[in-house]
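Following are the structures in question.
In the two complexes that follow, subunit A is the common piece, with subunit B as its partner first and subunit C second.
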Partner chain A sequence: MTPQGSIRRRLFFQLAGVAAVLSLTFFFVVRSVAERAAEGTQDEILAASATAIADSLRSENGGVTLDLPYSALSMLGSVSEDRVFYRVTADGKTLTGYDDLPLPTGGRQTGQTIVETLTYRGDELRAVSVLRPLGSFSAQQDVVVTVAQTREGLEAISRRITATATAVGGGFFLLATALSLWAARTALAPLERLTGAVTRRGPKDLRPVDAIAPAELVPLVTALNGFMSRLRASLLRTEDFIAEAAHRVRTPLATVRAQAEVTHRKLNKPEHKQAIREMIRAIDESSRSAGQMLDHAMVTFRTDSMDRDALDLSALTRETCSQLVPTADLKDISITTDCGPDPVPFEGDRILLQAALLNILDNAIKYSPADSHISVSLRTREDLILSVADEGRGFDDLDLPRLANRYQRGSNTGDIVGSGLGLTIASDVAGAHGGRLIIAQNPKGVGACVSLVLPH
Partner chain B sequence: MRFLLIEDNQKLSSAVAERLHLDGHAVDCADTLNAASACIAVADYDLILLDIMLPDGDGRDFLEQHRQAKNRTPIIVTTARSAVSDRVGLLDLGADDYITKPFDFSELEARCRAVLRRQGGAADNNKSFCGTVLDSAAAELRFADKQVSLRNRELRLMEVFFAAPGQIFSKSHLLDRLFSFAEDVSENAIEVYVGRLRKRLDGADITIETVRGLGYRMVAA
Partner chain C sequence: MRIACLAALIWVAQAAVAVAFDAEDHVDYPASPETAVLRVISTADQSVFEPILLAFQARNPGLSVQYTITSTTELMRAIQDEDAVFDLAISSAMDLQTKLANDGFARRFSPTVADGLPSWAIWRDQLFAFTQEPAVLLVSDADFPPGTEPRSREALIATLRENPDRFRGRVGTYDVRTSGFGYLMATQDSRNSEAFWRLMEVMGRLDAQLYCCSGAMIRDVAAGDLALAYNVLGSYAAAQQAEVDGFRIVELDDYVNVMLRTALIPTTAENVDGAQKMVTFLLSLQRQPDVTTAAGLPAIDPASFQANTALRPIRFGPGLLVFLDQLRRQNFLRNWEGSLVQE
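== the complex of A and B ==
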């Protein structure tokens, strides 16, 4: 199964994304508030300065006199080193100051304070203008006092604030990212614990999972336990079913076979005897196939959940061979085992290994002529090699790779009863132990040599 | 040999009994574990054939009780299961051997023979005729001061003759006794084995005689 995305990554990126948005918002808000505050301060000082100048205006004899108060301009210098410009006009005529400083463009209502940002002599200025009516009603003059200041100080303040806001915002983002990473990991820890608990158990272990799970995972664990108990019940049922089916089929077959043997003994005519002989062969064939299919099912089931016991492969080989000695004896076939004097330790599944060896030996006995010899040897090289060599008809060269496939029999099996599962079983068992099955001609001449190669 | 056959299927049990009779064995049948215990209490058996699934219990329990009671009568389990795992379990419980149904009677006999040989042989295993002794457990002939060991088929053929000295056995009968149903052999094969027996009997006071057109018989030389 290919995983689709990762919850941890998604959680982390979402949390980090939120942190990034919050950090940016923080940065912009802090900067704009701070800049507005700094700008407001400059504007207020400029307004105070302009008002102070306006307050010192006097109307004398139809003219306007101005005694420029020094403090009005000096208070501007207290804020920053920025250059200050001013201009006082009466009815559009410049009384004092820079006569090219632009006049305010806004409305011309008296008493009004106009705040503007303008460009003068290549610099950006902040300008505050105060309008004052002066003189008697008949000879009223509109006086405009404009005080302006460059904004370099303000820009410096702005840069400082921006730098601080960037540092604080970035720091906040980094901290939040680290916390997101931690949060994503912590939030997923119960899930990882549960996964670990499920993975650690062997495939044989079908007991319910009892790991402590958070509320969100309880339905999943419940469903998993439900599946496990159903699987266990199903496996048990299958085993029982196979045993029961075998019993139901084999018991009547045994009756028929025994009766057929009795009848065979009593009959005299060769053609009748031959008919019974065919019957018995058919019974043997079906019973053998059933047996091998059961063995194959058992092997398939067990290889998924095999034992890893410490075995003595040498003792196991001798024991298994001795089980088939009476069968071999019937055809005067002798079986010799050469396992060396010492125990051969191996970790594996005793039942599977026995099934493999029994099937190989059974094949060897079946295809060997009377008065022949089967030699079983166990050698320790880089791998453990358990070989069974017979003096039977051997294999046709072409068959070799095909024989270990299910239900495939050699091309020269002739009339010998077989289902074609024996070598498949042996090959599956070898595979389950990390080894392989080698099918070859007997190196000593006629016959076959089948070897289980098992890694140490 | 005397068998106790513990099997709940009546038809199978009577067929097996009849088949074993043909080879000259005596068979008592028990269809439950209780009946089997009753039989064992009153008679001695050379061998017990035990089915695993029985109406009044599991054959495995019987096996364990039998071994705990120190009864030395060998038990061969006959079961319809064939999984190797069952086999291993049964041998561990104390069964002497294991054979799956349906069984080949010559294989059953071979297994019985092997089990008895491991135990040191049944008491009446030796048969003699005209000073020649056939020891089935040791698979050898003894005559004069000679001991001649026999291969499996030679032994089985010799047993047929020793069971009824002087009786004529047809080639086809001997063929049935000697070869399994899976083997296709001609009647000439019997000549080979009879020839081998004659060589083994060299120096003994008995011989195997060809009765033209009828078969062979064992007679005093």
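== the complex of A and C ==
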């Protein structure tokens, strides 16, 4: 199954995205607040300076005069090394200071403080103006005191604030990203725990999952448990069905065959005997086919949940061969097993391996002529090779790969009845164990050689 | 040689056309071979500055120096009003230099500052202070035997009050109406101490003699024509003391204003690189005692301010613009005349 994205990645990117947005917001808020504060400080000092100058204004002989207070300008130098300009006008006429410094453009209400940003001599200035009436009521003059300062100090502060805000914002973002990574991992830990709990189970373990799950996973676990219980029930039913079916099919067939034999002995007319023999042969084939179909179903079912027993392949081979000795004897066929003196350890499913070998042997016996020889050998090479060689009619070369398919029979089977399942079963078992089935001509001459190749 | 003369002639002719401000003197220090010219306008006499210029030239061969001497106000005019082309302006008038920098007539330069140079020696990377020159009291040996000279302004006022006949017509100070240095020191005095105005009153009653320059005051005190002179440029007096007897230098105990001689690179400068080299050289004078001794200009020495806490270097900043204000200057001069010039 190809995964469609990753929850963890999405969670991480979403959290990191939120962190980035917050960091940027933090950066801009800090910078704007701090810059406004710095700007406010400069404005306040400028206002204090302008007020100090305005306070030292006095009327003299009907005119306005001023003793510029030392502190009014020196205070501006205490914070930064910015350039300072000032202008004092009375009724629009410059009294002192820089007579080309622009006058405030704002309202002209007396007692007002006007703060402006203006350009003067190519530089940006912050200017604060104080408006004051002066003189007796009859000869009142409107005096405007403007004090202005360049903003280099402010820019330096702004650069410092920006650097600090960038560092703090960046640090915050990195920290938040690291925490997002951790959060994404932690949030998905229960899922991983659950996955682990399910994955670690043996193939036959269909008990309900009882891992502790967070509320969000409870429906999934419940569904999973429901599904597993249905599966368990279904498997049990299938197993029962196979056993039941084998029993129900074989037992009546065996009874019918026994009856047919009894009848065969009692009959005297050769044509009647012949008919009964035909019947017995058909019953045998039916019984065989039913057995093989059940075997095949059993193999298919078992390969999904195979046992991995430690077993001795050599002993298993001898045991299985001996089971078929009686059948072989009926046709005067001798079976020799060559498994070497030592046990051959192998991990696999005993029942499946037996079924595979039985089917191969059964095929061999079926297609061998009377009074012939079947040799079974187990050799340990790179892989374990369990070969069954007979002296029968063998295969047509063209058919070889096709024969392992279900219900496919060789082109030269002729009169011999078969279901076409035997080699399929053997091949499935070999595949379930990670090996393969090799179908070949008997290297010693006539006949076939079928080998189960199983990896160590 | 002929070419050099011709060049000098052309330069003088150019100077005559271009320079409308009142220059007192031009001195040319040609280099051969010449790769660049550094035009310096300064208020320091040739005799004072020559050792520094020669030492600078020795380090920068190929750099010709044209040295123009003028007064502080004329220097201000040349840079501010006439856009005269100079690569470096050196002046003792801190207030005027500050105004030039404040009003945008100076270039910025961030020199690699020598260790131990105090931060107040550089303002806005535009003004570079390289000497510290105190305003001192001169007393004649004849009138004040050793140990009897006043040590503070209060003591000076008391001494003058108690002996009006002895000092009548025999005390001197700057005429602040004509001397930029005198005006700077007087305004700083007025800021520092209330005793200043009382001192001016007392000196005015004693018919104080007013001078344009420190040199004349030193000469008259040494000759015994003056019993004392107030606010004399200490560096000049110390240099003169080696040659002339008859006077002593007193640094008063209450406070001593210390003027910083400053250089700035005007915006009109053409040889900016040469000017920056000169500034860097001037800021390193502290490590060249032989040059400063020859020049008689004390380099900035932070240790001296720790040793004598009465020394007060005048600080750069917009505060220096206050006494340049037209109205403030008028008022100050009116007060000063009212105190000192009692017809």
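The working rule: the second predicted complex is superposed on the first by the 451 of 456 C-alpha atoms of A that agree within 3 Å, B and C clash if a C-alpha of one lies under 4 Å from a C-alpha of the other, contacts with A are read in each partner's own complex, and residues count from 1 in each chain.
Here is the rule we use: contacts are C-beta pairs under 8 Å (C-beta built on N, C-alpha and C of every residue); 3 or more make two chains touch, one makes a residue touch a chain.
Everything numeric here is computed off the predicted structure, so don't read it as measured data.
In the three-chain model built by superposing on subunit A, subunit B and subunit C fit together without any clash.
Of the two partner chains placed by superposition, A:P3 touches none, neither subunit B nor subunit C. By the touch criterion defined above, A:P341 reaches neither subunit B nor subunit C.
Applying the stated contact rule after C-alpha superposition, one finds that A:T251 touches subunit B and leaves subunit C untouched. Contact with subunit B, but none with subunit C, is seen for A:R281 once the two complexes are overlaid on the shared chain. The superposition places the C-alpha centres of subunit B and subunit C at an angle of 160 degrees about the C-alpha centre of subunit A, rounded in steps of 10. Of the two partner chains, subunit C is the only one that A:R83 touches; subunit B does not reach it. In the superposed model, more residues of subunit A are touched by B than by the other of subunit B and subunit C.
Shared-chain residue A:G445: touches no atom of subunit B or subunit C.
Across the superposed structures, the minimum distance from subunit B to subunit C, using CA atoms, reads 96 Å. Shared contact residues on subunit A (touching subunit B in one structure, subunit C in the other): none found.
Every residue of subunit C that touches subunit A in the complex is listed here, in rising order: 101-104, 123-124, 191, 315-319, 321-323, 325-328, 331. Residues of subunit B touching subunit A in their complex: 9, 11-12, 15-16, 18-19, 22, 53, 78, 80-85, 87-88, 97, 100-107, 110-111, 113-114, 151-153, 172, 176, 180-184. By the touch rule above, subunit A contacts subunit C in their complex via residues 65-74, 76-78, 81, 83-85, 95-97, 121-123.
For subunit A in complex with subunit B, the touching residues are 243, 246-259, 261-262, 264-265, 270, 273, 277, 280-281, 283-284, 287, 290-291, 294-295, 298, 323, 325-327, 329-332, 350-351, 354-355, 358, 366, 370-371, 415-417.
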